[in-house]
Structure formats: C-alpha cells, structure tokens
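For clarity, chains are labelled A, B, C and D in written order, and residue numbers in each chain start from 1.
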Amino acid sequence: MVKMPPELAVSLGPLKLAHPIINASGTFDVLEADKILEADLFHDFPFAAYVPKTVTLEPREGNTPPRLYETPAGLLNSIGLANKGIESFIAEDLPRLRELPAPIIASVAGGRTEDYGRCCRLLDAQEEVAAVELNVSCPNVETDGRALGSDPQQTARAAALARQETSKFLIVKLSPNVTDIVAVARAAAGAGADCLSVINTVHGMALDPWSLKPVLGHTTGGLSGPAIKPVALRAVYLVSRELDIPVIGMGGVTTSQDVLEFLAAGATAVAVGTANFRDPLAAARLALGLKELMVERGIGSVAGLIGRAQAPP
Amino acid sequence: MDAENFIPASLYVCPVVASRPVGAYRQVAFVAPEIAALAHPGQFIMVRRAGPALDPLLPRPMCISDADSDLVKILVEPVGKGSAKLAASQVGDRLSVMGPLGTGFDLEGEGPAVLVGGGIGVSPLVLTAGTLAERGRAVRCILGFRARQQAVAAELFRDFDVDVLTEDGSMGRTGLVNEPLPGCLAIEPGQPAPEVFACGPDGMLWEVARISRECGVRAQVSVATHMACGIGSCQGCVIRTKGSYRKACTSGPVFEAGELEW
Amino acid sequence: MVKMPPELAVSLGPLKLAHPIINASGTFDVLEADKILEADLFHDFPFAAYVPKTVTLEPREGNTPPRLYETPAGLLNSIGLANKGIESFIAEDLPRLRELPAPIIASVAGGRTEDYGRCCRLLDAQEEVAAVELNVSCPNVETDGRALGSDPQQTARAAALARQETSKFLIVKLSPNVTDIVAVARAAAGAGADCLSVINTVHGMALDPWSLKPVLGHTTGGLSGPAIKPVALRAVYLVSRELDIPVIGMGGVTTSQDVLEFLAAGATAVAVGTANFRDPLAAARLALGLKELMVERGIGSVAGLIGRAQAPP
Amino acid sequence: MDAENFIPASLYVCPVVASRPVGAYRQVAFVAPEIAALAHPGQFIMVRRAGPALDPLLPRPMCISDADSDLVKILVEPVGKGSAKLAASQVGDRLSVMGPLGTGFDLEGEGPAVLVGGGIGVSPLVLTAGTLAERGRAVRCILGFRARQQAVAAELFRDFDVDVLTEDGSMGRTGLVNEPLPGCLAIEPGQPAPEVFACGPDGMLWEVARISRECGVRAQVSVATHMACGIGSCQGCVIRTKGSYRKACTSGPVFEAGELEW
C-alpha cells in the first residue's frame, strides 16, 4: 500500500471544500464567537464552509423562553428561528462574513412557500453567497402551521420557486419528522435542488422534573445531538442511496469517528451542530482526527469513502 | 462592564484542587490562572467534567464565585444531572472550562453597595463583595435562603456585614430579603446613593427591582436562564428586556433591573 | 395537607392495575426470566400487567443477526418479530402465563391487514387474555413493505377487523415514524380502538465502527431507550390531549421520575422496555420509587396526576 | 451443562478489588462469592459500572475467566465504549453484575482436553483448564493471537502445556491455531478420544469445527454475539444452528460445533 497522506478535500457541487466538515445552521455564530473567544476564528476557521443561522424575510424574535433543555445524549431546542431578517443579514453580516476563508451557505426559511423564492432572489445578487440552503422546517402559516417540509408537494413548490430565482448551488434541508423522507427528498430533487441536507431536528418534548409542565416555553421542540445519530445515519443512508445528488449529513456528529460514519453512509460533507455547544473549538479537532483515522485505516481519500456502507460487503 | 468590550474567553482543562460541602451546596476549586486573572465579578463559566462522556452532553453555566491568583471557585447546587455531576467533583478530577464569559456587575459607582442574594444566587456575590470592598465601597449583604442547609453558605461572607434570612426561620431571621431591603436603600442627602447588586430566583429579582425602583436607586441583577453555548451562538438563553429578547450569555447575565420585562 | 399514602392503583379501561407500570412488548420474557433468575417472578411480579412478545399467525424466525447495537443512550434492534406463532403461544405459553398475578395483554401483528382480525378471533376465545394490543409496525407484505402503522387508513382497517373479532379491550400501538401521529391515533380510535400504546421504536441505523458497514443484519432497525424519551413524551402528550381514550406511554422509561413524567404527559399506564435489559429487576423498584416521589411531592394519586402537564399553568 | 437445568442467576453490586493490564487486555477481579460458587466454566455474566449513568446504557456480556471462593475475574479487551469503561475499572469501583448465565462447557468426558483460544477468547479457558485439570483430565492449550501485546495473556495458562502462536510472529510460533490443532486430535486406540473446547473469533471457530469434524472428535465452541438482556428476553443474541436460530445467552454461549451453521 502506498502511504500517501489522505486526501481530505472534496467537491460539494461547485464548492471546493478543504475537508468535509462544515457547521449546521443555527449552531455556530462566527461573528459572536470571534468577538468572545480568544481564538482568531477568521484565520483559523474550523469549518470548510460556513452556514449562518437561518434568516427569514422579516426579523423574528423567536419563541418564548425557556428555549433549551438537555435530554439523555440530546438537546431539545425551540429557538423559533429568531433572526434579524434577511435584509439586515445582507447589509450587516454578509460584508463581515466575506472575510472568512470558506464559502458561505446562506440558510433561509419562510412561513409561506413564496418566501423561499423571495429570499433566493435577494441572495442571488450577493456574490459572497456560494450556496443557498432552504430550511423547510419552519411552521407554514398558509396551512395548519405544520412545517412545509413535512409535505413532498409543498417542499417541491418551495424548491421550485427558489430554483427560479437563483442559479446558486441550491440545498434543501430535510426534516426527519415524516413518514417517508425519501419521498420528500425526491420531490426536492425533482423541483431542482442540487443537494440535500439531512437531517434537521427530531420532534420532541420534555417536562420540567419538578413542576411536571412542559419545560420549553413553546411546549415542544427539536431534538438534536448524539441521541439522534442513528436516525440521521439511516436518513443519510437511504436518501443518498436513492438519489443521485450529493447529501450533507448531520445529526449528532461529535467525534471524528462520527464523521467517518456519515461519509460512509453516503454524505459528501458532514455538518456539526450541537457538538459546537459542547466545545466551540471541537470542530477544529475533527478534521485533524479524521485525517488520523483515515491514515490508521488506510483510507486514501474522503471521496473514496463516501457511500462505502452502501457497497455490497 | 461594557457588553461590547469582551474579555477574551478561552477553553481550559482544569484540575480540581478542593471540593467541600457548604451546607446543601458544594464549593469546588480548580486551577485556572488565566480565568482567575481576567474574571470580573458577576461573570460566569461554562463547565463540565472533562472527557468524552455524553452524559451530561453540554457544559453548564456557573457563576465565578471567587477567584484568586491561580484558583477559581464555584458554588454548586445539585438540582439535576449536570449540577449533580459537578457537585460530585473530587480532588484530581479534571473540568473542561470555558471562560470568563458574559458581562459582570458594573462596579464603577461610589455609593454603598447592597448585595442581595437568594439561595444559590449568593455565589457570585462572594467575589463581588470582596472586589467592592477592595475598591473602598461600603458593603452590606442581605442573604435569603429556604432553610438552614442553604443558609450555611452565608459563612462565605464572614468579612462583611450580613443579614441572613430563612423562609422557615431555621437560621437568621424569618422572612424574605425584600423585608429588610428598603431599610438599606435610604438616600443620604449629599452622599452617593446606594446601589443594589442582586442574584437569585426570578421572583426575588422582581421584588428587588420593584423596591429599588421605588427607592430610586440603581439595581443590577444577574439572571439565570437555560444555556447551551454560553457564547452567543444558539439564541437559547434569551430574556425579555424592554422591547426585545436579549441573550443572557453575552448581554448578561447582569442586566440593569429596569431593562428587564417580567 | 392530609398525609395519606398515595394511591397507585389505576384503571386502564376494564383492567384494574395495582400501579401504573407494565412492560413493553418484546422486552421481558417472564417464562425465560423466571427460569434463569433466582427471583420468584411469578410471586413477585414487578409489572401491573404483562405484555408478552408480539406473536403472528405463522411462526417467524426473525431477522439475520446481528440484531442489536447500542447507540448513545439508546438501543437499536432488528429482531424482526421472531416468535413461535399464535397457535403455539396459545397452546404452550398462555396456560403458564395464567398463573401470573396480573392481567395479560396479548400483542399481535401480521403482514396482511386481515391477520389482525384472525389473530383477534383466536385470542377472543382465551379467557386468560384481558386485552389485545395490535402492533402495527410489522412490514406490510400487501403494499411496499412499509409498516401499515405508517398509514392512517391501513391502521384503521386493521383496528376495524380486530374490533369485529373481539370484545376484549383493544389497544393499538402507534409507530412514531409518521408525519402526523395524531392522525393515525384518530384513525385507530375511530375504527374502534379502546386505548393507544405510544410509542414503538424510532427508525434508525448504525454502522460498525471498524468495517463501516451497517451493523445490523437487517441494515436498519428500531431505536429505543432514553435517547427517544423526548420523542415519546411529545407523542403521549399530543395523542392524549387530542383523544378521549386512555394512552399507555412508553419510550425510554428508566427511572421513577420518568414514570411520573409520562403520567403527567397524559399516560394512564407506563411501559418499561429497554430498561429491563439494563436490569431485569429494575421495574420492581420503579413502583416503589414512584410512591416515594409522590409522597415527597404531595401527589395523592396516580389518577390525579394523569395529564397534569396539559393543564394550564 | 444442560441448557434446561439453569443455575439460578442473580444481580449483585460488586466491588473491584484488583485491576491489572495483561498485555492489551485488562484483568479485573471483583468480589462476588455467590457467582464464584456457582460458576461453571464457559458461563458468562452481564456487567456494567454500577450507577445511574446512561453511557453505556446496557451491561456487556463477559466470560467468567476465573473464579475462586470469593472472587470472579474477567479479562476485557477494550474494543468500544462499554468494554473500554469496564477495562478502566479501578480498585474500589463498583460493578453491577448479573450471573452466572448461560450454559458452560460440558466437562463430563474423559479424553484429553484440547483447549483452543483465539485472542480475547482465551478468557473462559482459564477456568476451564483449571477445572478440567482438577477433574484429572489431560489439558493442552493452543492459543492464537494477533501479536505479542495480546499473546501476553498466555501467562494466565502458566500451569498448563501451552502452544502460543501469533499472526505476526512477535511471540511464540508464527501462524494460526488450525496448524497445530490436527496433530493434537489423533485418537489413540483403546483410549477415550480427545475433546476440543474452543473460544475465539467466528473464523477460528469455523476452522476448529472443520478440523474436529475431519478428525472425528467432539468440539464445543463458545460464541460471542451482541446481547442486550442475557436472559432470553430480547431474542437479539441468536446464532444460526441447524434448522433454526437459537439464543446464545440461554442455549449457549457454548454449542456443539456440529450444531452451528456457518
């Protein structure tokens, strides 16, 4: 076996990633973290691409607190897409994010299907933005308030409207809270998505141990962290097996071994979410650890590893 | 402290060098010279046992209770698995610590300082009292507790003028901190007005805010919300302030009492 | 406050339970455990009702091993409903189970909707059987192999066929792997179910850390244990809030505090599954611990606790 | 041992009294007089660190490696989080232990015993060798390992006639256990035939079964499958035998080699 250093670089559509590890939307605010932490995050940026928190057309103040609660190996959150609105994002944040040494994947959501198109039109004009991710887990105000991502047709419509408005690399982020995630994935791809992010948080709830009332101000929330890793791995495996477009895998990624497994399950890139809260510099160690694991196991390249779990034994 | 003027926080793995019960609470001291040097009264850390264990998953916010050249001390009330695990720290255990974080109390005033603590909320007042005294300000402490087991923590304020109250009368006076508070807030003509520094449960902070407002004195209160990241990333720790939600981890945990909306 | 010992007894339809804790199907084999463990399980039976492993019309040998894998705070399994078939169950097991000091809730499943009716007809004649639980998470051979429990219509049809064949207390056990669990619950109740069990396992997958191939012989499996407790609590809360029939709550129950929370969320009884593997005598301590917690918190009766999380604050 | 004739198993919390590395493995001894008294060679326990921690969630199956009046010893190879946590056990830690479980080896024969162990599979052979010797049977051990770090475990068989092999030749002979095995299975006319007792990876057991069959001798093999309950409740641990799946925890872990279907 020729001993070459393993190749970590990987292409995600037109995006050239130095390694396969990016952040999950809503879990790492580089502008805040760079202000607070001693680390120079703009130089030593740990992620191969940066996904800011989801923005919507109008600013949203988010849900009533408490918004967080830890569960066994998991975290429940009900942030409620608190954000400053896409216009402030473009005017205030994007100019600063341009300095990052990594491509930017803007994340957008909306209460109406057409919001996805309008957000994409605004972002299409921004050259700092390399790709757009549609977060379809936002409650839909046009219907019963359920996320439009729970319905293949509505997801397809949002993706199609977005596709009309942007030529940027278009990612649709799937919700796991559906009977058939592959059907939603197919609908998104059919409507023009270039890539799928798999998965958003899993519906859950917690009661306060003393009052026995729902802990979260919003009653229910989204579960993330290692607890959902098996749910995420399955979704990544099935979606990437059934569809021909790249998948960004996420859900519970905490160690380099987890990164290896999501790649093997079929992901082209892997996003770190909740683990950023455990240790905001964790991601910096993941790429290094991944390289070491690859050397140890004689895996030559990330590209060669993708989907290995799907090959016959 | 100016919320926009952050002291750079960093991540450390810190050995525990002392751990002792203080009534129902536990005081844990660990080596963290950088944090001890930078810590401002009222700031906090995010802390968990070092290592790969996933249970608990996330660090917990803990006030910096005291700090000297090398050591940082926290005072922990075990209320759930995260705090219980921290409270069980033994000498030699290693903690993963990020800090110092958040704004602390603004100590720049001149008037007599009235420190009001409720339960585990007395924790940050230890360093606050010491630092205020060093700056030559008069310090008076009003500390309320459920019962004697908690009230033992008043021993941490040995050097100060302390009023202890318990709800069940098992130690100190019977009652709540809002009873003696107004008596300490009289404004002496020609003298700088007293200032309140408070930390405790929401109900107590609400009363402290009301009384301070009625007496016309400034009150700074330190709030406790559920936190995941401690550095402004997750938007989980927000507290309602006039007009908007603000993040307790970066705009707080210390707020002007008047800013909060209850 | 009058200090009376708290009342743990609770009625689940016609079933009088000494306390609210029962076992989850497939996680406690009293006939095997009694043989192996020193404890005299037939005298000191820890559960208020006994749910044997699901049986089907024909014997099933189950899925290819490995069938188990531990994940963070969870367990993945793909047993594949291995069972001796309903006729052997009736002939061999029921006569021995009759000695148990607790009502028996037989669990049945089938690859065809009509199997549910046929199983119920056979069980209706057995007086040892107090209630029948329909496990609708079995792959349906009439359609695409997906569980019929993932579709409200098919669930309703299975429940209606069962209802025709038995006057026993009829429980339908819901799968969480659906877009709208309340819709499936409504369909089951509308078709005649007297009670709902909430929830079965959550779809998941794990890769072997070394080979990076699916660990389970069946590729994917069902996730159980504390990891899914938030998912289960939410389902119990929503289903019991929206429907007027009793709910048996389960998913990750490990401590007495968990029992308290499931009751508060709206469950009338609480089933222990994976925690039986952690410690086969754990359940014996749960009822005791529940009583202590109730005394500590001044909760007078289980009946008074049910659904407390749903009351306005 | 008769699968239908169970020794009653029970649950204990057992203090660890010794823990030492044996090459890449770790030998952990804990106090469990009831299990030590009942244990039959080839049986196993379900074991985890005592306490409420959920990580790992379930106990792990471990062979009873050795047992005397009070103590049970296990030999642990850290391959994942459960085994790593057990291997990290220190004196004073408490283990939650259920056992003894499963069928052990049938020791009733009379011929010379040939014990074949592969890697961590040598663990149950320690007690097996000792018990066979006590019963006056000739014992010969063939132990195969990946490399020296693992092969260090051969020291546990000091009192016996041992053949050590490593795949990389770093200790003992280079090669696999199936090479010397046939030479030990010759049937002496008029003497009871040799019998094989084997534990190790599936590939090795397959070879042992084939060779034993070819030599016309009986072989009992102990298999390792993934287990959740250890007591027949979950149906997770099955292994393919002629005609059907059988539970390794109650019908095994020891099976007649001829029963297994590979």
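Brief remarks on what is shown
Basically, a contact is a pair of C-beta atoms (placed from the backbone, for glycine too) under 8 Å apart; a residue touches a chain by one contact, two chains touch by 3 or more.
Keep in mind that what you see is a predicted model, and the values were worked out from it rather than measured.
Listed here as common contacts of chain A and chain B: C, D. Counted as hops between touching chains, the shortest connection from chain B to chain D is 1.
By number of C-beta pairs in contact, C-D leads over the other of C-D and A-D. Chain A and chain C have CA centres that are 34 Å apart.
Taking the mean of the C-alpha atoms as each chain's centre, chain B and chain C sit 46 Å apart. Among the residues of chain C, those touching two or more other chains are numbered 72-74, 209, 225-226. Chain D has residues 54-55 in contact with two or more other chains.
Contact topology of the protein chains: fully connected, every pair of chains touching.
Here chain A touches chain D in the complex through residues 72-73, going by the rule given at the top.
Partner chain A is touched in their complex by these residues of chain B: 6, 8-11, 48, 52, 54-59, 80, 82, 96, 98, 101, 225-229, 231-240, 244-245, 250. Residues of chain B that touch chain C in their complex: 54-55.
Looking at the complex, you find that chain A touches chain B at residues 26-29, 32-33, 35-39, 53, 61-62, 65-70, 72-75, 77, 79, 82, 209, 225-226, 254-255, 274, 276-281.
Those residues of chain A whose C-beta lies close enough to touch chain C in the complex are 71-74, 76, 146, 150-151, 177-180, 202-207, 209-210, 212-214, 219-220, 223, 225-231, 233-234, 237-238, 252, 257, 260-261, 264-265, 305, 308-309, 313.
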